[in-house]
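The same chain A turns up in both complexes below, where it pairs with chain B and then with chain C.
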Partner chain A sequence: MSVRSLRLERWSGQLLSAPRTRTRSRAPCCLRQGQQCLSGSNTRSFSASAVSRNPRIEKEFVDEDGDGIGLFEAPTHPVQQEYPSPSPRAALRSSKLAALHARLGLPQKLPLQTVARTLVDPSADSNVDFNNASLAQLGGSIMSYHVSEWLLVTYPRLPMSVLFAAAYAYNGPKTLQLVAKEWGVDTAAAPGREVDPGYLQFEKLAPGTDYAAIKAAGGSSRPDKFNFFRRGMSSRVVYDDEFGDTIPKKNESALPIPTESAYAGFVKALIGSIHLHAGREAAKVFVKEHILSRQLAIDTLFQFKEPIRELSRLCAREGFEHPMARILSETGRLSRHPVFNVGIFSGKDKLGEGSGASLQEARTRAAVMSLKSWYLYSPGKNERVPSDMEAPGEKAAWEPVHIDIGEVIH
Partner chain B sequence: MASRSTCQSLRSSLRQCRPTCEYAGSISSRKSSIRQISATASRLEVDWNADKSERPRWSYTPEEMKAPYPWKPQSAMKSWTTNSDPQKLDRFYVNLLGEGGESVLTDEIKWLAITHKSFDQGRRGFNDRLAFLGRRILTLQANLALVSSSTATQTQTPRNPKDTRARFEHPALNGLKNLSDAPIGEVLTKERLATLAKTMGMAQIMRWQPRMPDKLEASGIDVVLNTCLYAIVGAIALQRGGAYASEVAKQKILKPLGIS
Partner chain C sequence: MDSNLIRRPLAKIVTNKKPCLSAFSTTSRQNQESYRRAKQRANIRPNSSFLESDDSPANNHIIFNPPSAAPSVFNTPLKFLPKEDKRRQLLATTQARLAPTSTRLPPPVQRQKQVPHHHLSDADIKEIQRLRRDEGSVWTNKKLARKFNCSTMFVSICVSQCGGDNLAWQASEKARLDKIKADWGPRRLMAHEDKLKRMEMALRDA
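Showing the complex of A and B:
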């Protein structure tokens, strides 16, 4: 049978004028389309008219009549486009995403498409309308505000270094990674359009990359060209981030990032999206339930260099009598394992006690206990926080909370 | 570990050799509230007016903390005096917070908020913690102002023409692009906030000790100005509540910087 009698060119032309489709899942309706789909799968381009010409097909269909219909015209539908993240419509079809939404009890006002957006890191998709950078910025500031106000109201006397460490323990990247993993969020191996929207998408670091060196190479936002200046605690409030860590100057968002940064960005973005869709109170309740409900042994965050001296300066500053260490009880002084219980007294009040195998050790432990009992003073765990006054219809007047003058400098 | 009977016999024998410690009382006699560190009543800032004979804490260094005599020669170049006049401070607060600004914070906190750690070697307290909270409040209010700003939404940068994807549209997400258009790191810089603080008159009333009194810029006056500005916002939040502090941050700091 000859090609001519079948008039294959015209037949294909009619089919080519059929409505275009963007999805690759549509079955090819003719041999030509099918072969185009197969050959074009390697291209990665954003242009609307991705054309691939298969020379093998061109040879088979020869224009014998010379009508000028010509060699086949490739369809202009952008089947071969490779967008870096799934389309927003795919969010409605993802069961992982719907399950995450339900598992967390997210408000109904929060649409699935926004939740899908919170799972896309800027390293996966640089388009600001499709990644979670802005949402993470907003949500991160909401979360760190609630964490800092809770810490300052619950532990008004914490030293700055411990305050930074406690803030890091509550909402630092490692904690947020734990939280997100507890929620059941998994990472995609690599970002792409075909990835299920319920996966966390970001560009992963190659194994063995020294990320700290990369970050340090860009320099920090501090004007410390000459690194011999000591980076003190006070200046961290102005120069550094909420945990007292230097902020790197170069912020290339397209580069690969560690997994914990991606998870942290997701959690912050989720809080930001709850705030935008469901309001301030919903976001605050979410932070309280998922972040501030975690237990932290804050007394383990302390590290004293000279506790006896520090305690003596504290008593001098507060007007207490000079601290005296006295043995409360002891046993086995001349044996191999003595135990001394030492108490530190300011006048008749016992500030703290400690026990140790030597007098010096017991006195040091007692001083540490005394300082911790001072710095860990707490009016209670469920005190009112300043943001309670921002709730609509809050009628009760605000009672000023205890403000401490600062830790002892010695 | 020695048994109880051994302990008792050891203790009794020790008691015979050493004078008894009169404070080694039983644990049960200890007060139940473990938070009390002293039998004296805790100082409440609001009660200062009742006790007029005591000087306010902000005005003096505790005698116990001072050395008996200064053992370094006082260099004329390093001498630096700060404000100690309560009325001058009140005028600053009225200028900043409007009518009645001097009674927004209690006396001690008014001074604490503008006292840097370098002042008096930190013996009279400092505003680090207040500045920590104040900065969080300011950053949050700046982000919220940008997201809800209608002028910024109208003047958003156009999208990339090569990327023709249709984004998910929702009225709640309209203002998000403002956050990427105007990065906070370029809007709330140390220099801009320091300039604003100087126009408020902060440099004349804040208490600090510059490393080189003749070169204030090199001594880091900008950082100290920023800290004091943040600390005032933080102090208002803890003494007057978050709503009041947010308003002050929005009206007195963000609005002059052009974020509303």
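Showing the complex of A and C:
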């Protein structure tokens, strides 16, 4: 999971392609600064949302001449004084941003301008030099790596579906929205230049929009789209993202997005910016304190189909005696509300127990509990994870962690 | 495990608060008419572990008397610990001390059927498959198991390869059950739905 979720090839698009090709995206940066010096004040002739629908840069246009004369030709490129997102200079004057920086205890090396950039979603500003897409890609990979390595070391026997669900519960978009809201980050009603940089800016979905249908219509990056029915756990591991969901084929960054995706992008981008400015350890500590410190009831994520058979296959695989259900205690067998307490025994050792209103229910519950206690084995909450070895003061040699042979197949 | 993805409402399972034992959802209320009666009722004799006895230690000591509770899935049984785990040694000594002296186990839920294994030849298996294929309505799994003295599980594995399709039988069975269900009134229907919900919850042990 960890190696796959890093997806180095997916970072490279935005981070590496910009310096290689000279596009017009460089020019407006300079142009913009020049204009700001000239005009000196914000012009508010257009509404914010109208501006954001007119992206200021044609990214497809490649200036192959390299002389840059065409950049200042007025007829082909009309002077646009309106930009979709606030200028970096406004970040220094925003009390909201400064308060957020202080409240989260962010490192001093992380400038306010970068924090402001993490709050601009690609749907608000399509220019990759001013939105948080690249930072979110980096930060999302870092966060996903730390969560998955912690899960794998802490619960080495988790089945794949539970691992996906646990990763989703720790760093899925819904949880990241909760986290960002607890940090006190609000959304701007509509993105625009005049908005305070302390607000999260993105193009909101119209109420009642069926986003799942839009996303499904775009298609996924799976190569087996014609064999859509071949979508088991193994194919999710190979083709899909860290939560077992399909990866959308093309990223229409200018389209409106749901609030949770925008919040998730912000949290990821903030982690990415901490990594870039303050280093690997700071980013790891941040993930630990804000994401991994949360309490997850991981035992509620299990869903079994045939627990009794699965348990007997487990015992056969591990060389234990065949599991037997035995009645530990019971009350009111002939009454309207009987209660049976059934234990599952392998030889003389009790593996688990459960109680229910019928013998069948109690036996099922006991088998489920035994299986859960097998899958939820943990060597300890504070086990060392592989990335701990990269810490500067780490002297002790690495002890291999427990690696399980996998879930029970029955 | 189920091969589908599991998605539960996150607000219920992810919190930033540690679980707190003393958080009661219901407020305690005095239902007794008078303080005296309530006090009388609460005057319970303490557990014997709280009382001083001749063999209790002379100095200050810790009384370990936890309230009875359902066992937690996070306490891995000794048998499930991997061989290199350090807790194995500790738990083994504790279990040896706490285990009851009598070796009698509680009674089983259902008596194990003494069915012989690996006693049917290929000809027998062919015969099972022929009977099911030709006279499927008569030779049910149960009857075949009784005739050949094997388990119904084994019969079901044999007949799954016999080639005949039992779609017609499945359809007739479904029609029969649907007819029975159509006669149910609202109370029985609700009881049936509740039962299905209970079994689904039992599969999660929720």
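In the analysis below, the second predicted complex is superposed on the first by the 324 of 410 C-alpha atoms of A that agree within 3 Å, B and C clash if a C-alpha of one lies under 4 Å from a C-alpha of the other, contacts with A are read in each partner's own complex, and residues count from 1 in each chain.
To be clear about the criterion, contacts are C-beta pairs under 8 Å (C-beta built on N, C-alpha and C of every residue); 3 or more make two chains touch, one makes a residue touch a chain.
Quick caveat: nothing in here was measured; it's all calculated off a predicted structure.
In the superposition on chain A, A:Met369 contacts chain C only, with no contact to chain B. In the overlay built on the shared chain, the residue A:Thr331 is in contact with chain B alone; chain C does not reach it.
Contacts of A:Thr114 after superposition on the shared chain: chain B is touched, whereas chain C is not.
By the touch criterion stated above, A:Arg222 is placed in contact with neither chain B nor chain C. By the touch criterion stated above, A:Leu296 is placed in contact with chain C alone, chain B being left untouched.
Contacts of A:Asp349 after superposition on the shared chain: both chain B and chain C are touched. Of the two partner chains placed by superposition, chain B and chain C are both touched by A:Tyr377. Contacts of A:Arg193 after superposition on the shared chain: neither chain B nor chain C is touched. In the superposed model, A:Val238 makes contact with chain B only, not with chain C.
Taken together, the two structures place residues 160, 233, 320, 326-328, 343, 345-346, 348-351, 370, 373-374, 377-378 of chain A in contact with chain B in one case and with chain C in the other.
Remark: chain A residues 46-48, 83, 87-88, 91, 111, 113-114, 117, 127-130, 133-135, 137-138, 141-142, 144-145, 148-149, 152-153, 158, 160, 163, 221, 233-235, 237-239, 242, 247, 276-277, 313, 315-320, 322, 326-332, 343, 345-346, 348-351, 370, 373-374, 377-378, 385-390, 394, 398, 400-401, 403-406, 409 touch chain B in the complex.
The residues of chain A lying in touch with chain C in their complex are 159-162, 164-165, 168-170, 172, 174-175, 178, 182, 232-233, 236, 243-245, 293-297, 299-305, 307, 310, 320, 324-328, 342-343, 345-346, 348-357, 359, 361, 363-365, 368-370, 372-374, 376-379, 402, 407-408.
On chain C, the positions that touch chain A within their shared complex are 1-8, 10-19, 70-71, 73-82, 84-85, 103, 105-110, 112, 198-199, 202-206. Against chain A, in their complex, chain B makes its touches with residues 2, 7, 10-11, 14, 21, 23-24, 30, 34-35, 37-39, 45-46, 57, 62, 64-65, 106, 108-109, 112, 116-118, 121-133, 135-137, 139-140, 143-144, 147, 159-160, 162-168, 170, 172-173, 176-177, 179-180, 184-185, 190, 220, 223, 226-227, 230, 235, 237-246.
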